[in-house]
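Shared between the two complexes below is chain A, which pairs with chain B and chain C, respectively.
Moving on, here comes the complex of A and B:
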């Protein structure tokens, strides 16, 4: 199959999460919604259930969720609740609600109240201090609780071997995504920004073994392409999420290739693998969380050193990017708080950047189009 | 050598502006229609600029569209972002310009312009009407004055009144409260001008203010906002009677470069 057809298949999956949910349910599988960020999705897979990623929607408007949410909740969180309320996610048997930010935390309780007996709501509070041994132990205790709750949902007691197998599958899928990001950056004429997003987003709506098979096949074809002679500009994207095809098409129209990303929904979600040689798979998953770094959603006791800002600046340099586009989620406190530090690091490294405010409910991107076109002119 | 005519058209949110340049140096015709994208404004502005200059479309070597409605103009040979065009236009009018503050109908932007007139860096307002021409339109309506009279009335202010610079809707409520308290309209208008200046001044400081500073866009005609911005940024700000045509002028200049 040609590369374009493979990309189109991923794009179709990314655009039809409900179809995917129905597909797995029709096979008799139970399904568990997995909200951002850093949920141990491996446990859902190990329990033989379908983990359905929940990253808002680019086609829905917030209506019913307003009954529960303050207006300054970001659209991602509000739309997750909206989809739980309007029937979109009715196929779910449970939902995992991590609480990495000040909006996810109260919303986990909104979901609990709103879902009543409709589905099991599994609360996840990662530790603030994840590095010391006590932090690892705390993460383990959270994950053990989740394991038990998932066992209740699946009606099957998950074994350590099943979790170890899930870790292997997920590590494989993460490696494939990391390789794809490099290949997409190396071949922007073959992988547009719209298609790149489709490939990465589809991972949230497929079983990861099927996804890894499919992505490895695509990667093999991309690897066989001759070296690219890209004449456009090279950018790094940053932010929580930038998956709106209309917005991404503006990048394509202005010959902006995404050569790397610092996006929570994309690379930040698959940067870290879990150890495969740990006899205790729950400990392995806790170690994986401990090893997550350079993320605005996680506590950094060395934040005064601006490690994250410098990490992103280095990412731009290492990938020979001409500039960075920050897609800032409206009302996202962690992103807004971090911006001055990111700007400082980018300015110090001589990397031009623009910041665009985005919201899942945006349908018109006139201002973003103007800014991206001008940015491309500046970088060209 | 044959004379080369190029046309720039800036289709903004509230107005359509056209400029025809002769050999990239001389403005031979200009037009302005006070309706913008999605209206008859662009076609009327084009017809008018051609008629004013005694020229036909066929006489144009290159037509370049810019502004919010740039993508929908079929007669254009190319479209470009208004940010690049404003930088170029301002450099034509003020060769020493390094900072352009452009306040249009629905957005505000601050541009850092290089010595060669090309855009180096920029910052735009968020998706919010505060600090834009729309903000002034809303306030003028509440105060029952013509937006063109705001500058003159604001200059008569005797007492400083503070108007929130964060949100058009809240600021409108504040203005209504001030009116209800019997506050002089001139004082309120002066507060509104400082409110816009505070908002745009914040944007300008993000990109850095380097002289010469030039103000363009429709709001540049309001000297009350301009003077408030000078105070806010503690710098002299220049403008031109052609301020509102600046984007179209930059587009005509780019058009000349494209066909040269």
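Moving on, here comes the complex of A and C:
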């Protein structure tokens, strides 16, 4: 199958999460919604259930969620609640609600109330001080509880071997995505920004073993391509999410290739693997969480240094990027809080950037178009 | 010039806020004011003498730093004081110009602008620049990134106590072990920083003072249960500075005990610090918009509303018998507890303090606090049968408050409470 066809398949999956949910349900599987960030999805997979990623929607409007949320809440979180309320996610048997930010914290409670009679709501509050032994132990404690709750949903007691197998599948899927990000950056003429996003987003709506098989096949074809002679601009994207095809098409129209990303829905979510040689798979998952780094949502124990900003600047340098586009999710205070020091690091490294405010309910992209066009012109 | 150098050469560029006529205060209130002023003065003196000064989040276990005799000041208290003295917009704007978005908590914006070397016109709340920071995120996750930013601005150590959000009314042993483990690490870090050994005996004494302060503070808060009340609930907002900045000090306990004795006397003589007759009693939910205390009070006075319940106030009463108890105690903060506990907490307060209605602040600065307020509002209405209205505002950014909207909402609350009274009188 040609590369274009493979990309189109991923794109179709990314655009039809409800069809995917119905597909797995029709096979008799149970399904668990997984909200951002850092939920140990491996446990859902190990329990033989379908983990459905929940990162808002680019086609819905916030209506019912307003009964629970104030207006100054990020659209991602509000739309997850909206989809739970409006029936979009009715196929779910449970939902996992992490609480890494101040919007997710109270929203875990709103979901608990709103979904009381509809599905099991599995709460997750990771420790931020995840480095010392007490932090690792507490992550294990949280994950053990999730494991037990998922067992209740699946009606099956998950074994350590099943979790170890899930870790291997997930590590393979993460490696394939990391490889794909590199290949897409190396071959922008073959992988547009819209298609790149489709491939990465599809991972949230497929079982990861099927996904890894499909992505490895695509990667093999991309690897076989001759070296690219890309004449356009090379950029790194940053932010929580930038998966709106209309927005991404503006990048394609202006010949902006995404050579790497620092996006929560993309690379930040598959940067870190879990150890495969740990006899205790829950401990392995806790170690994976401990090793998560350079993330705006997590405590940085070397806080007096500007490690994250410098890491992103280095990512730009290492990938020979001409500039960075920060897609700033409206009302996302963790991302907003990190911006001044990201800016400092980018400025110090001589990397131009623009910051674009985005929201899932954006329907008019005129301003973004003008900004991206001007930025691309400057960089070209 | 780097950020630290800028901070040390801080200019005062804005005009001072106008001086207001001060009313005569009771000895208890004066003693409380002195405690807070002393905290700030001691920190300024310590800095001059070359001693370490720390900045701390308000619900970091102060007992630890107090045991090390460290001088610590509290950015949240400072930001509230700056906002109440109308220096908030200037500092928020400075932070925004540095790239901190206007959606970020206004306390954080004010403090980050200050940390970058912009002095405040509120002279009483001037803080020396920090040599270390103490961060406890039982209030919010925003605190974590806020304090990381301070640590970066000044290139100083950050001591972190993470309190994860709770989904159940009680925390379990694993949770306590995690928090306890972090206490041990924090103590070790402070031993290294100060070159002093942690003095267990002194810690016990400090905890004794902190518990005594908590008890005296709760006693003061409980005077609002009397009908009519011997005090104005608004007074609690003024006294909160003491429980935030000086919980572990003997003087604080004594000052609250003195205030409690004055309130006891008020009860006997039928006096009250409320400057108008109490017609209705309300709960005021959320951190108040400090820049607008006058506008906040005006319609309450007009309609005879006394604020007899403020969940924010008793939330600072941390009581415990040992280190594990301290871990459990600091796990309970308004923004770290589940919905059920949050509702129960306030419902009990409304019942005990005989509340007729509630006024909810949808605080743009605080996503953690405002995040489940619509559901809380429904529960109070259903479970307590009281009218509840909300208004929009911001704890420390005056630009996000509209006095006309607030007055209209208070008016609506008054009408609903009067209607409830009429129904009660007619036996319906």
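Just so it is clear, the second predicted complex is superposed on the first by the 380 of 380 C-alpha atoms of A that agree within 3 Å, B and C clash if a C-alpha of one lies under 4 Å from a C-alpha of the other, contacts with A are read in each partner's own complex, and residues count from 1 in each chain.
Here is the rule we use: a contact is a pair of C-beta atoms (placed from the backbone, for glycine too) under 8 Å apart; a residue touches a chain by one contact, two chains touch by 3 or more.
Only a predicted model underlies this, so the values are computations on that prediction, with no experimental measurement involved.
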Just chain B (first), just chain C (second), both, or neither: which does A:336 touch? second
For A:127, select first, second, both or neither according to whether it touches chain B, chain C, the two together, or no partner. second
After superposition on the shared chain, which partner residues are touched by A:88: those of chain B (first), chain C (second), both, or neither? neither
Thinking of the overlay built on chain A, is A:352 touched by chain B (first), by chain C (second), by both, or by neither? first
Looking at A:237 after the superposition, I want to know if it touches chain B, chain C, both of them or none. Which is it: first, second, both, neither? neither
Let me test your reading of the model: by the given contact rule, A:374 touches which partner, first (chain B), second (chain C), both or neither? first
In the complex of these two chains, what residues of chain B are touching chain A? 68, 71, 80-84, 107, 118-122, 124, 126-127
Chain A-touching residues of chain C, taken from the complex the two chains share: 98-101, 103-105, 108, 137, 140-142, 144-149, 151-152, 154-158, 160-162, 164-167, 174-175, 177-178, 180-182, 185, 335, 338-339, 362, 364, 366-368, 370-375
Could you pull out which chain A residues touch chain B in their complex? 352, 354, 357, 362, 366-367, 369-371, 373-374, 377-378
Under the stated contact criterion, what part of chain A meets chain C in this complex? 67-70, 72-73, 99-103, 105-110, 112-113, 123, 125-129, 132-135, 137-138, 141, 296-297, 299-301, 303-306, 328, 330-331, 333-334, 336-341, 343
